[in-house]
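For clarity, chains are labelled A, B, C and D in written order, and residue numbers in each chain start from 1.
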């Protein structure tokens, strides 16, 4: 079995009286891509927000390499190696692609006190940024202002920024949303390429893509885990088919 | 957005400098006429605006009575609105002294502003005549050969009131004033005379300037039940306090006294609530003096309104300056002679003639006045030829 | 302090607090619903007080003055919203702050030009001019009690308006998301106009109501403005209920501060504020 | 707001030259006026670090300026010149320390509430000086003799000398300007730009955003303290009014007037503001009315400030393309 990196244990989150996540447990291992499926409102985004620290859990634990991190702030989790991307593009629109990634890389080596050096003068930051841009397939658009990128390219930048922080865990919230078929294909290829070195959590609607890349799939319904297992098990599960797949194609969010 | 600052923009901004500088500087080139340059630094906006206007009117009336001339020379006025803002005072004083090169600086109402002006006047050795501000320091520790005052010190009316209240057999008194130097000095002057005459100040209460939420203090006064209350407020605060005091029912059981500022220029707002109140000041609305009557008539003719104590003080500021200029025939260069003449002059003021103390503060009668209708009516002379002790003045 | 004096001071604190609530309620509404920091709020208070003065002088009756004044305030509120504020909703908060800052200067000068800089008193209406004897020496003006009663009444009316009416529902919805409410087909522009008009009117009404006891004088708006901001900060943005609690707390802190530690009385309110913010960074209550 | 990138700025030496030569031609009054403008420019620059470069709209910046100015008066001996070595760092530290404490409270809030809370805290500090005996209460306090810089018996710099004072202010303006330029292109500066653009994302990328904002707040407080120090020395007089919300509003106005997020804009704004005040108050006693009208006009029709004016004019002439809603 591969190395256990991040896991949730009985994690719940209430909004008022409603449970957005209820008693969710799941594990993420290095070298494995763990996909989360579920209809709208199943609590997938809440799950990512809980793991990344954007939301504090109401109950339960989050363990990172054996340590309880449920009380950690998002930035502390990020520095520990938990990187996330957003479902709605969340970038620095007025910066260039390179600047977006360079700033992301800077978070690993803050150097906040070196106020008399130029930020652009650090070769390690430049290399980290360029590497991430290369990986995400944006090399040709390196010096373009982010706001002027196409939607698909912005999604790629979203990933590149996370990669520039050299994370060991990737929490990806619908990276394929709104992408054309070609862009989707290259993103799927990228995910495959990233899997060996990372523990990845992928929330995605695109079934084909999920079944193509996932090592483990967890299906959520109304905030709870319905079933979890390898793709084949999920494909064959009666419960999943009844609850979810049976309803036909999920609608886009 | 960071788009460099190109030459065109730079030219625009230097044009701005030039425009800004040229405009106020223009009057400097009126040298040929050899006019006397008078700088009026007074409040023309805000709470004290009407006081500033009255002082200006009084000053100009005196000049006009001399045919528009003082010491044989024509007068040119430079005015700055001090906004009663002490923070801007040094800068505003410098405008008149350094930009407009005035021969005399006249101002102001607000004590804090006047203190700052006094310091600038000392530093630059400019002749300063204070037509109102009563801070004791101006003719105390800050006294200087070139600084004069034609109004009063905070100590004067309050000290006189201390004697009045002791004479009226009040034993235990509570004081209430704004917590700033003029308020504290007023209370100190009162306390000095009152306790010397055997009275006792039971409690000194202060509230932050310019707070006007008096109700807690009125409750406190009612609980303490003193024989009388000595109070200092001015302007809007005085209006509100006198009204609140009356509506709290205290007026009938505990008489209220204060220096004249409590009922001067505020009677219209105070209305019936102030009726019968006794205050002390160096002026009263119905003084039976020939000079007072002629001044009133002339002022009314010129400005279509009744003069108040502030107009008198402005009028006397011009008279004092005129006395100095007359001695040197308008040659302001002969500073020492001019100052000597001003120091020894007897000013024929509408308040009654007065001379100046060694510290350049008026030695004057303080009147006890009573509010009747919309006037502060003369009752008696509370203190004859009262001189400020000028503590801390080394001159 | 004996017990009866304590009780009277308590009454003073409540009475002051209630008046503060009345002034601050309009500020917190505009703030919470429209997201506008209205620095000119104090100017509207001042405007109300001067209207009470001028209209009472004209009509000889405070009630008539207040009724006419309310109509004028609503009008002024609508006009300002239409001419200026409605064009700034998409902009930064900063622009709105600066706009209202500019308006303060304009209103203050207009006041000076139109009415002058003198202090004026406004007579208490005959009907309410009596006093109630509280202790041997102290009596309490009926008008002050009347003011408190009006403030309480308005608090109840506002609570009811916001909780139980259709307009209140739309206002509450508008405060959470402008775009969404618009999408639901509610005329958000009209709601904003009404809220702003209401804010102006509440401030002006407070000024009119207080004029007989406060008298009218230049700069009166600025004095009340800052304390209103403290009310809103302590109470929580946009919370009318919070404003009421905060205003009463401030009334207590201010009154007893003056009695117990007169040298530091001005600070009492701010110490209270710091303590509340330490405990709850966004005030006691959030939202309406 | 893009990151600062290299641009040619060859007009700066020219501005510097004009400022350096001005006292040779100007009268003493105008020297003081220009010195005041430069002090206000430092003040506006410090606020621009918050408003323009970190996205923190502070409406309480006068608190740091004023507290520092008071520290000069409180730390100087009554009748002797204070020691510049002591008084200047103390003033800057006072500004920074007050900013640190206030920052711990206010930086926990965001957006419109942040504006409010900064205003309220500044007002609290205003009342500390206004209502307690600490700094002379509402009457203010005087600095009888201005500080001087001496080594042994030799007086190197004496702030009582107007000429020396002018050049000291100019030197500090240059220092403050260069310091901010350098700071803004440093990693910290880029992080602040990121926070301004998208604070949430900065946090999820691993930046301890609160600490960065606090650093910015404290730095701005220190720089405001420098301006406060110079202001206290210029007039030798401090009153609580220099901490009032009007002062905070005015400096915010300078930043907006010049166009926020550009260092040059802040300086231009300070210049324009003081000159407007000077010109308007010479025109009429109701000059605040004109000032108010200018403010409203700038807000309504010129959201980018004065430094966006040439751009907009160009846009108009060429036929739009730069249309702001």
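As a convention for this text, a contact is a pair of C-beta atoms (placed from the backbone, for glycine too) under 8 Å apart; a residue touches a chain by one contact, two chains touch by 3 or more.
Predicted model, so just to flag it, every value in this text is computed and none were measured.
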Greatest centre-to-centre gap (Cα means) from subunit D is with chain A
List the centre-to-centre spacing of subunit C and subunit D in whole Å, with centres computed as mean CA coordinates.
32
With chain centres taken as the means of their Cα atoms, state the distance from subunit B to subunit C in Å.
35
Mean-CA-position distance for subunit C and subunit A (Å):
49
Can you pull out the residues of subunit A that are in contact with at least two other chains?
none
Shared-interface residues of subunit C (touching two or more other chains) are 109, 112, 263, 265-266
For subunit B, residues that touch 2 or more chains besides their own:
45, 179, 208
If we use the touch criterion from the header, which chain pairs count as touching?
A-D, B-C, B-D, C-D
Subunit C touches which residues of subunit B in the complex?
45-50, 179, 205-208, 210-213, 215-220, 222-223, 225, 235-236, 239-240, 243-244, 247-250, 253-254, 265-266, 268-271
Residues of subunit D touching subunit B in the complex
1-2, 4-5, 7-9, 11-12, 14-15, 18, 27-30, 32, 36, 127, 130-131, 137-140, 142, 235-239, 241-242, 259, 261-262, 264, 268, 271-272, 275, 278-279, 281-282, 285-286, 288, 304, 307-308, 310-311
Residue set of subunit B touching subunit D in the complex reads 1-10, 13-14, 16-17, 19-21, 23-24, 44-45, 81, 85-87, 89-91, 94-95, 98-99, 111-112, 115-116, 119, 179-181, 208-209
The answer for subunit C against subunit B in the complex is residues 1-2, 5, 8-9, 12-13, 15-16, 109, 112, 116-121, 123-124, 131, 133, 135-141, 143-144, 213-215, 217-220, 223, 254-256, 258-259, 262-263, 265-266
Provide the residue numbers of subunit C that touch subunit D in the complex, in ascending order.
31, 35, 37, 39, 84, 87-88, 90-95, 97-99, 101-106, 108-110, 112-113, 226, 229-230, 232-233, 237, 263-267, 270, 273-274, 277-278, 281-282
